[in-house]
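One structure is given below, encoded as structure tokens.
Labels run A, B and C following the written order; every chain starts at residue 1.
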Amino acid sequence: MIRAMDRLRLRLPRLDRFLETLGDLARHRSAAIGGSMMAAIILTSLVFPLFYSVDPVANDLLVRFLPPVWLEGGSWEHLLGTDNIGRDVLARILHGSRISLLVGVSTVLVAATAGVLLGLVAGYFGGRLDDVIMRVGDVFLAYPFMLLTISVIAVLGPSIFNLILVLALSDWVTYARTVRGSVLSVKQAEFVQAARAIGTSRAVIIWRHVLPNILSPVLVLGTVRTANYIIWESGLSFLGMGVPPPTPTWGRMLAEGRVYLIDSWWLATIPGVAIMLTILAINLFGDGLRDALDPRLKPTSG
Amino acid sequence: MLQYTLTRLSHMIFVMFGISLISFFFIHLSGDPVGLMLPPDATKAQVEELRQELGFNDPLPEQYLRFVTRAIRGDFGRSIYSHEPVVAMIKDRLPASLELAVAAMIISLLVAIPVGVFSAVKRGSLLDTGSMFLALFGLSMPHFWLGIMMILLFSVRWGWLPTSGRGGIEHLIMPALALGLSLMAMFARLTRSVMLEVLSLDYIRTARAKGLLEAVVVGKHALKNALIPLVTVAGLQFGFLLGGTVIIETVFAWPGLGRLVVKAILDRDYPVVQASVLMMAVIFVAVNFVVDLLYAYLDPQITYRREKA
Amino acid sequence: MKRILTGLVLVVFLVAALAGGAAARDKDTLIVAQETEPVGLDTTRNNLHECLNVSHNIQDRLFEPQEDASVTPALAEKWEWTDETSLKIWLRKGATFHNGEPVNAAAVKFSYDRLLDPNLKSPHRGRMVAFTGLEVIDDYTLVLKTAQPFAPALHLLSYYLPIVPPKYVKEVGDEMYNRKPVGAGPYKVVSWEKGKDIVLEFYEGWYGPKPAYKHVIFRAIPEEAARVASVLTGESDVVEGLSLRSQMTVAKSDKASTTAGMGVMPYLGLNTYQKPFSDERVRQALNYGINRPLINKTIFEGQGILAAGPISPRSFGADLSLKPYPYDPEKAKKLLAEAGYPDGFEVRLSYPTNMQQIQEQTQVIAGDLAKIGIKVQLQPLDPPVMWQKYKNREHQMYIYWWDDNPESDRYMFSLLHSKSRDYYYKNEETDRLLDAARSTLDRDKRAKLYNEVDRKLYKECPWVFLYIVPKVYGVNNKVDYQGRRDGFLFMRFAKPKS
């Protein structure tokens, strides 16, 4: 069995590297902790309906502002209490986790795809195209981020789709720049020049040589940026521009709870803790990922 | 150098145009503020009259051109609600935002740099892991939530600090802290990693071998070189900081530009939005420009990147 | 290095704590906290509530408005309708502006012309469209003419025509006047820097009784939790803009209490031109299908008043024999079935996002309607977008609100007369009744006309009638202040609690 695995690994150097990285990750403390936290959060958000089927939207005016079960007045029926119109906080947190994760992951996918593509084009083809793309990127970078998102949402109207769109719109530049930088340095490398010299098509060069080298930085970047997207989403919801009601999102819960800070402080605190734990997990994992993938720390060159 | 400056300047102008175009068209694409400018018992005729007067019935490109020609002369018009000249409104609010951003920057650097340095020097110690974990924690906290928690504790529960508004230093502490916390965390981590790199370089070993005191080695030689990339990052972050004051200003009722613009966007107060966005972008680009120049100027002196441990 | 840093932080905190504690206050000073800072202090040019709250203390008008839609003398001492369209006014002699200028007929004419000046773009110009001219008889006598008999005239004049000093206004110009107005009211402006407090001081030359507080400071505290905290700690004496929950917090505390002000009257507008709301039975069904008593008991803590018809029971001319539609989901479903919707239908509910409380209510309303088979899709919109779609008749069901002004014409005419708004409802008989009510000067006859409109619309249900929720001010226990139904802060009535 092990022999078969070894043979497989020799055949597929990429798989080999992948497994090696996984091993590095597992050994790296923060990545392990962060990774398991993330896995727990993702798993919970996917399977919780099997265990907890309370409707997050159902309002019951007769049980408003119930405190969490460990405070005086709490009840086991609503473990984390209820909000201003009697909705169950735990149910909303659980459903909200789906939104946050959905927004985070989708935004990364959209922004990274767009950014990588544009960055590749800009870096590889250079010249006029590069200039145009970079200038346009500068415009997006200089536009105060929050204002860009608010303006677009104000026009398009709040919805999950528009939210993802607008977040991706604000951040594709980060990926583009990173990718472009990587592409530029790879372009100079001898083996690429050699490949060009013998007539290898551009597409093959990009696929075989450029892409693998930009994969790691983009992966790290994406992981780390996901944390940002989740915070931005909650910030936008906080300002009233996020996913429209009655869909529960953590940011919206924060905004709605903020009004009741003095008496029902848990309404604003609990979603904040949820956001923080998720972000912490992502950051821990991202840190570990970055260290694991950093070629400079590897004993042998790639 | 001159050529470089000129190219950068032309890029800046392009960016300005791009931004003004985006903000103009987006704001005009939806919503009719005219109904809100008049009292609810205004007649239909009055509303139409006002629209005509403000030129809202003209085609968009024409309105944009009007805006640009006036803007070049420095006339950014008046708020459509309060009729105050926009330039005056911005002049009113900008210092507040700057004060907040600068305070946040100072607080974060004041804490982050010593922490980062000590963590690097005492690598692997409890101090190191502890502070780096705290830094990660700080990075992970939504700053507006932190602001709200701080108000809950320091103002409502314990009554130490005022709840909101701008005034003396007691008003500045919480918002600046909330704004600067994630920056502080980021700088601490950055300082640590940069210091670690610098400390492992040849010339540091030479200095140590020469028998210089550790404190001198760290303080004079290592820190000086570590500061350069730090300062450039700080400069870049400042631009982002200014744009990011929006939420903190909302939470703490800080009379800054961010809050002004958000309200203006929601109210579709076109002149205010356009001018404010441009102002923030100008500052961002200008700061970037200065930082780039600084970096280019200092670059020949930075040799540490060429050498490796 | 670290020790220095810790020491620094400690010192800063110490200073802050000391500074906070040391800010002792003058017993003569009343501090009022609003949510937003005014953009200007000239009543003529501003319509925003936070501006008028301050400006009404500075600028006196001809009359003083009362809570039952009548008026009492202010700068006008006596008045009489010499015929149905002429109002003769005798001014109080000896009243002066804060800068010493005399309040005379010339000043009134100047103020009147200024209000109507198209270049000034006063938001109140439209309200004065019923007046056709002002004639000065002598220094202290004048006549105002209207095009037709106009019952709300006195009421409007008592709010929206501030009397301003001609010389001063001409001297400093309209911009400066908006920032530092001079009026004939009890308080004059001492200072106002943008972003800082507005400081007012009693004007010794005022003709009325001396108020208890010599200084009144208006400041803005946008964050609600902060505002509530400030009235509990005594940092502020009076605060406005409290959400329902905060109202309960203040009421339950032993540091401050609440007093009722203006009533907010939300209503669910229905697009009566299209299905499904073109059918009266459907509209009535909705009125039976919302559990208003429960909403009132829980969300408003019983402080709300359920609306019967469109006229608030607190406004002039409401038919008090009408009872609010009871919560009867069975009857609602029956009506829906009769109208051809046994399985209910889907509908959009649009609402503007600038009021947190409305957000809450829409979700509860949607929940209630779901129980009678109506699936509601919530559509929150930015206020300008909401307005745009409103004008373009795009809404199916929408929430808007008015305040339950004592003078019913203010909202009844604006909302239900087709000359004003015909976007979602139009009815000739309603128009006729409202026109008649507006031009009948006799109070009793007027009341009967409004009764009729009330009854008619109660049956027709162009809206889903909701409730009136009095907004409430928080008042620190050191102060005695009663809120007003018009929702304005006339601070000369505040006095220290004995």
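Basically, contacts are C-beta pairs under 8 Å (C-beta built on N, C-alpha and C of every residue); 3 or more make two chains touch, one makes a residue touch a chain.
Predicted model only: the values in this text are computed from it and were never measured.
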More contacts between chains, A-B or A-C: A-B
Innermost chain, where centres are averages of C-alpha coordinates: B
Centroid distance [mean C-alpha coordinates] between chain C and chain B, Å: 38
Chain centre separation (chain A, chain C; CA means) in Å: 46
Centre distance in Å when chain A and chain B are each reduced to the mean of their C-alpha atoms: 23
Residue numbers of chain A (touch at least two other chains): 154, 258, 261-262
Junction residues of chain C - those touching two or more other chains: 225, 229, 353, 382, 385
Multi-chain contact residues (two or more partners), chain B: 30-31, 148, 151-152, 156, 250, 266, 268
Residues of chain C defined as touching chain B within the complex: 1-2, 5, 12-13, 15-17, 19-20, 37, 39-40, 45, 47, 121, 123-127, 129, 194-195, 219-223, 225-227, 229-230, 233, 235, 353-354, 382-385, 387-388, 390-391, 402, 410-411, 413-414, 419-421
Chain B-facing residues of chain A, complex: 30, 135-136, 138-139, 141-148, 150-152, 154-155, 227, 231, 234-235, 238-239, 254, 258, 261-262, 265, 268-269, 272, 275-277, 279-280, 282-284, 287
In the complex, chain C residues that touch chain A: 224-225, 228-229, 243, 245-246, 248-249, 294-295, 297-299, 353, 356, 359-360, 362-364, 366-367, 378-382, 385
Chain B residues touching chain C - in the complex, by the definition given at the top: 30-33, 35-44, 46, 79, 81-84, 92-93, 96, 110-111, 114, 118, 148, 151-152, 155-156, 159-166, 168-170, 173, 250-253, 255, 259, 266-268
Of chain B, residues touching chain A in the complex: 11, 14-15, 18-19, 22-23, 26-27, 29-31, 136-137, 139-142, 144-145, 148-149, 151-152, 156, 239-240, 242-244, 246-247, 250, 258, 261-262, 265-266, 268, 273, 276-277, 280-281, 284-285, 288
